[in-house]
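Chain IDs A, B, C, D, E and F follow the sequence of writing; residue 1 opens each chain.
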Amino acid sequence: MIEMTRRERIEVLVDAPLAPKLAEIALASGITGHTLIRTESGRGRDGEWSEDLLSGATAKYIFLTIANSESASRFVQAIEPLLESHGLIVLRSPVDVVRPERF
Amino acid sequence: MIEMTRRERIEVLVDAPLAPKLAEIALASGITGHTLIRTESGRGRDGEWSEDLLSGATAKYIFLTIANSESASRFVQAIEPLLESHGLIVLRSPVDVVRPERF
Amino acid sequence: MIEMTRRERIEVLVDAPLAPKLAEIALASGITGHTLIRTESGRGRDGEWSEDLLSGATAKYIFLTIANSESASRFVQAIEPLLESHGLIVLRSPVDVVRPERF
Amino acid sequence: MDQLTTTLLSAPVLFFVLGALAAAARSDLSVPETIAKGLSLYLMAAIGLKGGVEVARAGVGPELLSALAAGLVLSAAIPFLVAPALARFGGLDRTNTGAVAAHYGSVSVVTFVTASQVYSDTGFIIAGFMVAVLAMMETPAILSGLLIARREGGSLFSRDLLREVLFNGSVVLLLGSFAIGMVIGEDGFEPISPLFKAGFTGVLCLFLLDMGLIAMRRILKTRSLTLRLAALAVLFPIVNGTIGVLAGTAIGLDTPSSAALGILAASASYIAVPAAMRLSLPQADAGLYLAMSLGVTFPFNIVVGIPLFRALAELLGAQP
Amino acid sequence: MDQLTTTLLSAPVLFFVLGALAAAARSDLSVPETIAKGLSLYLMAAIGLKGGVEVARAGVGPELLSALAAGLVLSAAIPFLVAPALARFGGLDRTNTGAVAAHYGSVSVVTFVTASQVYSDTGFIIAGFMVAVLAMMETPAILSGLLIARREGGSLFSRDLLREVLFNGSVVLLLGSFAIGMVIGEDGFEPISPLFKAGFTGVLCLFLLDMGLIAMRRILKTRSLTLRLAALAVLFPIVNGTIGVLAGTAIGLDTPSSAALGILAASASYIAVPAAMRLSLPQADAGLYLAMSLGVTFPFNIVVGIPLFRALAELLGAQP
Amino acid sequence: MDQLTTTLLSAPVLFFVLGALAAAARSDLSVPETIAKGLSLYLMAAIGLKGGVEVARAGVGPELLSALAAGLVLSAAIPFLVAPALARFGGLDRTNTGAVAAHYGSVSVVTFVTASQVYSDTGFIIAGFMVAVLAMMETPAILSGLLIARREGGSLFSRDLLREVLFNGSVVLLLGSFAIGMVIGEDGFEPISPLFKAGFTGVLCLFLLDMGLIAMRRILKTRSLTLRLAALAVLFPIVNGTIGVLAGTAIGLDTPSSAALGILAASASYIAVPAAMRLSLPQADAGLYLAMSLGVTFPFNIVVGIPLFRALAELLGAQP
């Protein structure tokens, strides 16, 4: 059986215009890669949003990154100031990966 | 280090026309928010589906919601009747969040 | 309360042209279904990619499949040869499902 | 049979055939879904406007009302007509019978649009008000289908369903554009006619290219389409279309409009009804009803139905 | 008031109304987001080209410079003008005041485009160079809005913001197409005029259909739009538009261009500014500023503002 | 050099430059991917139809066969021609050499389309059958590239690859539209000519705007494009294009068609081949081959290649 290693899965729900900023922060936290996932719509404390808008101002992505425990913590720490102001949602959970040296 | 708290991550694979109904049920179960994620295609017991269809009738979303344990259970309970009839797939896993009072 | 059963969640980040191949391998490993999730862009060792390209050659999907432990292991084993050559990322984590006999 | 050749060798039909062949050869040719949706919005707005402008020019006669009534009856009745065949000969259960039957009572906008284009190229002009009949026939069939499936009230989605039925996107766009066309008339239509009139046939070609791809892929992918059901998907348009042409002639429509009523009766929905069925009869097999309506009946109507119902209408119209 | 009828019964405005009604009836009619984005790219390229070709034909006079200066001042000043009303009468905090104010200083491309189309149908022709004024007015208001919100330098996104402000997609496309229009002139425009000129009004119809849907849904969905704020969203265009027409007349623009300057001052951004605010003032309520600019002010301008500012400009133009 | 000015100042080329400048200024201007895909489907259908209608009018001569043969040989041979330079001067490994080489053997539809538009504006008309040559040259290069990379049979994807090669979407659409054009002829083309002919240059402008954005972003984002490789991406079109013009003249094509064969040989694929390489040579660096073909060679051909190969063809055509 292929050996798998424990890593951290971090997901951040983020406004589209802010996504590049998160990528910068991730890089600065020593995280080598990420993937943006498309969302369609949602509902939160501010009511509903959806992509149907011309400006793209209310679109959101899920910023997914796999990292080792230290980088993950550094990253979550670094985006802390944005959490309240930008209404980010941050999820963290363990995941097993192949080729762990990549992350 | 930022403190993170355990919550439940519920994901439901759902037909596009049914997604608003799930949102209503979530609200009624005391869940404050959700996010719909776009899918492209898939395969199940009924064969393949994909978005390529004009009617949007066979499109599916992933309905993602983070909730505390009680709300999550209420929600899963409430969508039970739809499971078989609408071919829903329900996934539940633990996740750590920041600002747990939101969920 | 509804009873939920432990299964495996396998996610593979995969180049769009390769996705049908993964579906074949999954089927051969005894996995009955899967769902492809849309991504938008990302960054890895080879630099950034995004969907903005005409050819679709650099688009990626997340191939999500829920399986029992044996099928999951067979599947991960079977895609091993593609891991390095096609730059796949494979994630595995436990998840609770309803109607476990489906997976 | 010269007419058949004209239909078959018109650009829109040839693009449909090209799409079907490409899909059969497993080519990766595809039209992005949103582009197809955009094209279909355009086609509905254009056909609505054209109808409205035409009615503004020619005025509303008494035929409009009788045509609307005929459309309503056809849409509501056809599901009950086809249901026994689906259940007994096709072997479907009650739910699937209801779902498939609803598709055949409703109509296909693109079949109508293609017919009206192909006809008008040879001077066989459908009356403008038939667009209103088209819109009228979209949704009554849904209720009939649900009745057949015996899904009674108090249901989870009934309110949503009613809205879907009454304010369905394509009905709103068709009738709205029709009304706009009536308000602006020929003069007001002039500045928008380069887009909505001159561009029309070309857009139809691209749309039918996509329909060819989708229809053929649908057939290739479906598991539940038996030979018997495929035969029904050919039989239904012939029978329903004939009834439509007869009804049109009986209520005194002009020959092209009788043919058009035949086309409407013969065609099966693949936009409004599948979405409604997914919501109201989720247990029904979507692969099946789409394969029948989109995979078999649609191509049959485009290639055979369009010239057939014209010929039939002309035959009946020539009767004393 | 014949003019009002002409505006209200033109196809683009009727499609806008159709969209609003459909959304109010909770119809599922929708234009896919990418299609709408494509249409808006087309409209900006077309209006830019048209302006440039016009300037190439008529030459650049001294009015261009004074019009550009007037536009710059209006865009930068209007946010400071509306801010006190938003804060005191509307009860907004500083952040939301700044964010909303920025929208009213900036402009709505589609309002301008609709006005220029509706006007030109009755021979009331806006000067070509007003497109450059349109582009000029897009972004200064963003800086004013941030000043009002007191978000000072050293900030997280200031570099990105500056780029957003200077090389914003719609500004680049408008000015770029304008420049291309000037270079190619009437001769070079000929081969592309079937798409960019003949197709224009039709595309505008489809786009406004979508705007009607979005505007109405925005209103129905928003929680934070109070009656007072809605009243301001009607008052602002009246006041700002009047100032714009006065300014245009004062600097000696011809009557249609003065009306156009009024339209620009009256209109509120819903493309460039929301994106910038999401980045720079993320704490501001996006639902609110979009509801005001897109849900109230935009429809008001399309239906009332366009004929109003024309009447005002004609009144002032007739003065000795 | 008047010709160079005509090319450079035509609307499509100016829009390309606008896109490149906007991307260089890091503007957020962008054309949604699906819109671009829709425009490219339109361009391929239009160019195919045009070619087919032209052949229906002029008939098929013996040049068609020799041109097809020349195209086949050029597409299959050019990869072997450029491979040594890529490996030795460019320093690429075998896999990347094969992948990049395949791109240069294949063709760019948009380069061809732009050339045929720019040429025809000045009465320099490419023969209709060259569209068939275009389609013919799309895919043989893929097999040559794989041979160079020494990826032998028994491979994981060989069946998929063969289908990709034979029934590639753009090949099917080009040849299918070409066939439809031949069947319908000039009369059948008339109802669809407003969309496919009158709209053509305008759509090309919007598409090239997007290509400018993509090409420039590709260059800015790529890490692996060395100066040497960039130099090759300029050298290859000059050499290959010259060979193409010579071949065209040698087999007796008319002057514009010889120039077109030069354009085809000079151009590099950025649609069919990248997708095939991603599947068959996934280890090759996609950033690199796209930067070379799309970022360097494409702009070079649009701006320099189009006038250059015309001048060359005219020079050779004037020889006794």
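Heads up, the rule we're going with is that a contact is a pair of C-beta atoms (placed from the backbone, for glycine too) under 8 Å apart; a residue touches a chain by one contact, two chains touch by 3 or more.
Source: prediction; values computed, not measured.
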Subunit E and subunit A - chains in contact with each: none
Winner on C-beta contact pairs when C-F is weighed against D-E: D-E
Interface residue overlap between copies subunit B and subunit C, same or different (over half shared): different
Relative orientation of copies subunit A and subunit B, as a Cα rotation angle in degrees, nearest 5: 120
Averaged-CA centre spacing for the pair subunit F and subunit D, given as whole angstrom: 40
Length of the line joining the C-alpha centres of subunit A and subunit C, rounded to whole Å: 19
Centre-to-centre distance between subunit D and subunit B (centres being mean Cα positions), rounded to whole Å: 35
Residue numbers of subunit F (touch at least two other chains): 30, 33-35, 37-38, 194, 198-199
For subunit C, residues contacting two or more additional chains: 37-38, 93
Pairs of chains in contact (touch as defined earlier), listed by label: A-B, A-C, A-E, B-C, B-D, C-F, D-E, D-F, E-F
Of subunit F, residues touching subunit D in the complex: 34-35, 37-38, 41-42, 45, 163-164, 166-170, 172-173, 176-177, 179-180, 183-184, 188-189, 191-196, 198-199
Subunit E partner contacts - residues on subunit F that touch it in the complex: 9-11, 14-15, 18, 21-22, 25-35, 38, 121, 194, 198-199, 201-203, 205-206, 209
Footprint of subunit C on subunit B - complex, ascending: 13, 37-45, 60, 62, 73, 76-77, 80, 83-84, 89-93
Contact footprint of subunit C on subunit F as seen in their complex: 30, 33, 36-37, 40, 156-157, 160, 214, 217, 221-223, 270-272, 274-275, 277-279, 282-283, 285-287, 290
Contacting residues of subunit A [partner subunit E, same complex]: 15, 17-18, 20-21, 46-49, 51-58, 85-87
